[in-house]
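Note that chain A is present in both complexes that follow, paired respectively with chain B and with chain C.
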Partner chain A sequence: MTLDWSVVWQHRDALAAATGTTFLLTVATMVIAVPCGIIVAVLRLYGYAPVRALATGYVELFRNLPLILVVYWAFYVLPILTGTGLSPLATGLAALALNVTAYNAETFRAGINSIRRGQLEAAMALGMSRAQALRRVVLPQALRRITPVLASTWVSLFKDTSLVSVIAVTELAYVAMQVRAQTFRVLEMLTAMAAIYWLLGYPQAKLVDWIQRRYAVTE
Partner chain B sequence: MDFDFSVITDHWRFLGYGVLVTLALSVASGLTSLALGFVIALLRLHGPRWLRPLVVLYIDSMRAIPVLVVLVWTFFALPIVAGVTLPPFWAALVGLTVHLAAYAAEIVRAGIESVRPGQTRAALALGLSRPSVLRRIVLPQALVRMLPAFGSLLSVTIKDTAIASVIAVPELMRQSETVAGQSFQPIEVYTFAMLVYFVLLFPVTRGVDRIYRRLAHLGRS
Partner chain C sequence: MTLDPQRTKAAGAAIVRYRDVVKRFGALQVLNGVTLSVHAGEVVCLIGPSGSGKSTLLRCTNGLEMLDGGAIEFEGTLLPRDERGLRAMRARMGMVFQSFELFPHLTAEGNVAEGPRSVLGMSTAAARARAAALLAKVGLADKLASYPSALSGGQQQRVAIARALAMEPDVMLFDEPTSALDPETIGEVLSVMKTLADEGMTMVVVTHEMSFARRVADWVAVFDAGRIIEQGPPRQIFDAPEVERTRDFLSHLGWSG
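Entry: the complex of A and B
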């Protein structure tokens, strides 16, 4: 077989732009999913019973669905719910955010639960409202404790952004497969795609290991 | 808007076949990645010294590359390199196994390392050979401790089989896409698929937790 690796270099601009979109999706999803995750976790822990049930239902549902299905579902359902056509990028972002928020909510819930109840009670005994005690006493400690989990969620999310390629979001996987289809350079483009993901993902995975050692809880 | 769920009952045979393929692929890749994960973890911990960096490289690489990329590469690029074309199901099985075995290996390693080294030393001092220390002392405790992590890995496995739809494995996701495309009723079909996946996945995580709570005392030391 003859291999022609120049095809990768020829499409470097498209691949670079696509890599940018992949990172943009990862960052934007996390920016949405961290605050939303905190809100859902707090609602699940301290909300009124119906709110609590709703939050629990949401978390359990989205943690137990394949992301690719959520992406397809969002692609067909969101335009009907919102009444306007969303761009593939916005749809993909919505699907990713729905998914990661559920995971983050569970992470934050575990983090909040890991801070002894006495601290919340002590803060409230000192005259803080529950919201204040949560914001100033419990959450800062919980956040530090769950940093390693958030870091590994980040890496999973970085990889999972490849799934929005099925609704034609022009991120790395989609663009690489587009070029493959146009040039018929299957092995070259797919290997380049894997290599780019590896080059970007490997340091992130190593960084997560470091964060996990750095923030390890020893009691 | 009107919903017409008769599209599900009209295609129940087609969709049911997808559920069966999803189950078959989940069970098969769950078992193969478990077996391969054990081998890899043992190689990482007790294998020849020159092999260990390669094993670590493999594990970390799989943590860095999306499963979609692994599946697509196995299906489209492997035939060019190796000269053998795998049917979609087998390509998915190979791709998922290669990907998930890395995660399984990390679980096995964490389980084995969680058993205090003093126990291994004590057993060696009593005259047990290394393999029998592993088999009789370490693994019985480690296996129980690995259980919850294996439970979540199984649920990840089932979710990842949905990605095999990209390489045309006729599992539930792919069958749903086909029905949705033909019937022009994507909302009904995908909502049904969501329901099925939820019903498959929810008991897995809950069930493993329940079994673990029963067995947890066996893993204590």
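Entry: the complex of A and C
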């Protein structure tokens, strides 16, 4: 079997654009899923009973469904619910955001719970409202504490974006598979895809480790 | 309560008045009808064995714990039960915790400036100026930019005192402020508290530091099993306690008068 690596180079523009889409999906998902995760976590911790139940139901549903199923679900169900056809990219983003928001909500909930009660009391003793105490005292500490978890979520997400290839979002996995199908260069394209994911993912993981050390809070 | 001739400051207005305060945690009766008043400019020390209810009374004072019976008046008004009313009242009471509870993500200056900024709505510059002045007052002018993790226990507790003072409270509540400290740093915290007392700050202090209570308090209340078993000027409590249980408690601490 002869290998022809030139196929990778020939499709460099398409692969580069697809890599861009993968990054875009990762960033956009986190931009949605971090604030939404905080909101869901706070609702689950401090909301009125029905709101709490709703937030808990959402988290437990989406945390325990396979992501690929959510992607398919979004593809077939979202157009019916919204009455308009969303682009594959928007659909994929919605599916990823639904899934990661549920995970982040659990992460934030654990982070908030890990801050001693005395911190909340010290803030309230100054006259802060519960919301102020959360925003100014509890959340900043919780965020720092869960940075490592968010980081590993980020790196998982970067790879999991490949799942939206099943609904033809032109991200890295989809484009690499397309090239493979057109050229029959299976081993070359899979290797190239692995190399791109790894080379991009590894520095992100390292960067996040560094951020974590930089902003660590010692007590 | 009858005016005690030895309680000179009791002529002033009552800042805090506890009437038959009852508090339960589940089946456990923690406070069993506590009546006590704290007058303007007084230092009232609450002493007694662990678990006798002193800290709980202090935590009821600013509504960190809710009462199950009786009443607490602050400056002539019943302690509100709603969030908004409680917040306004808490902003006029400073509280210092046994475990400091400084905000670890903020510098010493940030800790002290936080209340004025987010509760009083003060500008950042004004809040920082107030923080710098207060940290200087507690002897930490050179620690403005230090994070709590870089400070000793005594320094942290002094920052915590400055943080409470930044709200310009009418009364300061101290919950065993030196119990978590190394012996060598207890003195610096007590001396800051003594200075405050000398300046006329009204203070309620839960403490196991008997010599501090003896020296600084205007009034001492001895707790046992959720009740005040004896209260009076420090001279009476420490030199001539009238109640057997007070004598027992003090002799267990090795207090020799």
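As a working rule, the second predicted complex is superposed on the first by the 204 of 219 C-alpha atoms of A that agree within 3 Å, B and C clash if a C-alpha of one lies under 4 Å from a C-alpha of the other, contacts with A are read in each partner's own complex, and residues count from 1 in each chain.
We adopt the following convention: a residue touches a chain if its C-beta (ideal position, glycine included) is under 8 Å from a C-beta of that chain, and two chains touch if they have at least 3 such contacts.
Please read these numbers as outputs of a predicted model, since none were measured by experiment.
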item	value
Chain A as common anchor, with chain B and chain C clashing or fitting	fit
Of chain C and chain B, partner touching more chain A residues	B
First (chain B), second (chain C), both or neither touched by A:214	neither
First (chain B), second (chain C), both or neither touched by A:206	first
Partner chain in contact with A:166 - chain B first, chain C second, else both or neither	first
Partner chain in contact with A:197 - chain B first, chain C second, else both or neither	first
First, second, both or neither for A:118, with chain B first and chain C second	second
First (chain B), second (chain C), both or neither touched by A:12	neither
Closest Cα approach, chain C to chain B, once both complexes are overlaid on chain A (Å)	26
Shared contact residues on chain A - chain B and chain C	none
Chain C - residues contacting chain A, complex	62, 64, 83, 87-88, 90-95, 97, 99, 101-105, 114-115, 118-119, 147-149, 163-164, 167
Chain C contact footprint on chain A (complex, rising order)	116, 118-119, 121-130, 132, 136-137, 140-141, 144, 217-219
Contact footprint of chain A on chain B as seen in their complex	1, 60-61, 63-70, 72-73, 76-77, 80-81, 155, 158-163, 165-166, 173, 176-177, 180, 186-187, 190-191, 193-194, 197-198, 201-202, 205
List of chain A residues in touch with chain B within their complex	1, 60-61, 64-70, 72-73, 76-77, 80, 155, 159-163, 165-166, 173, 177, 180, 186-187, 190-191, 193-194, 197-198, 200-202, 204-206
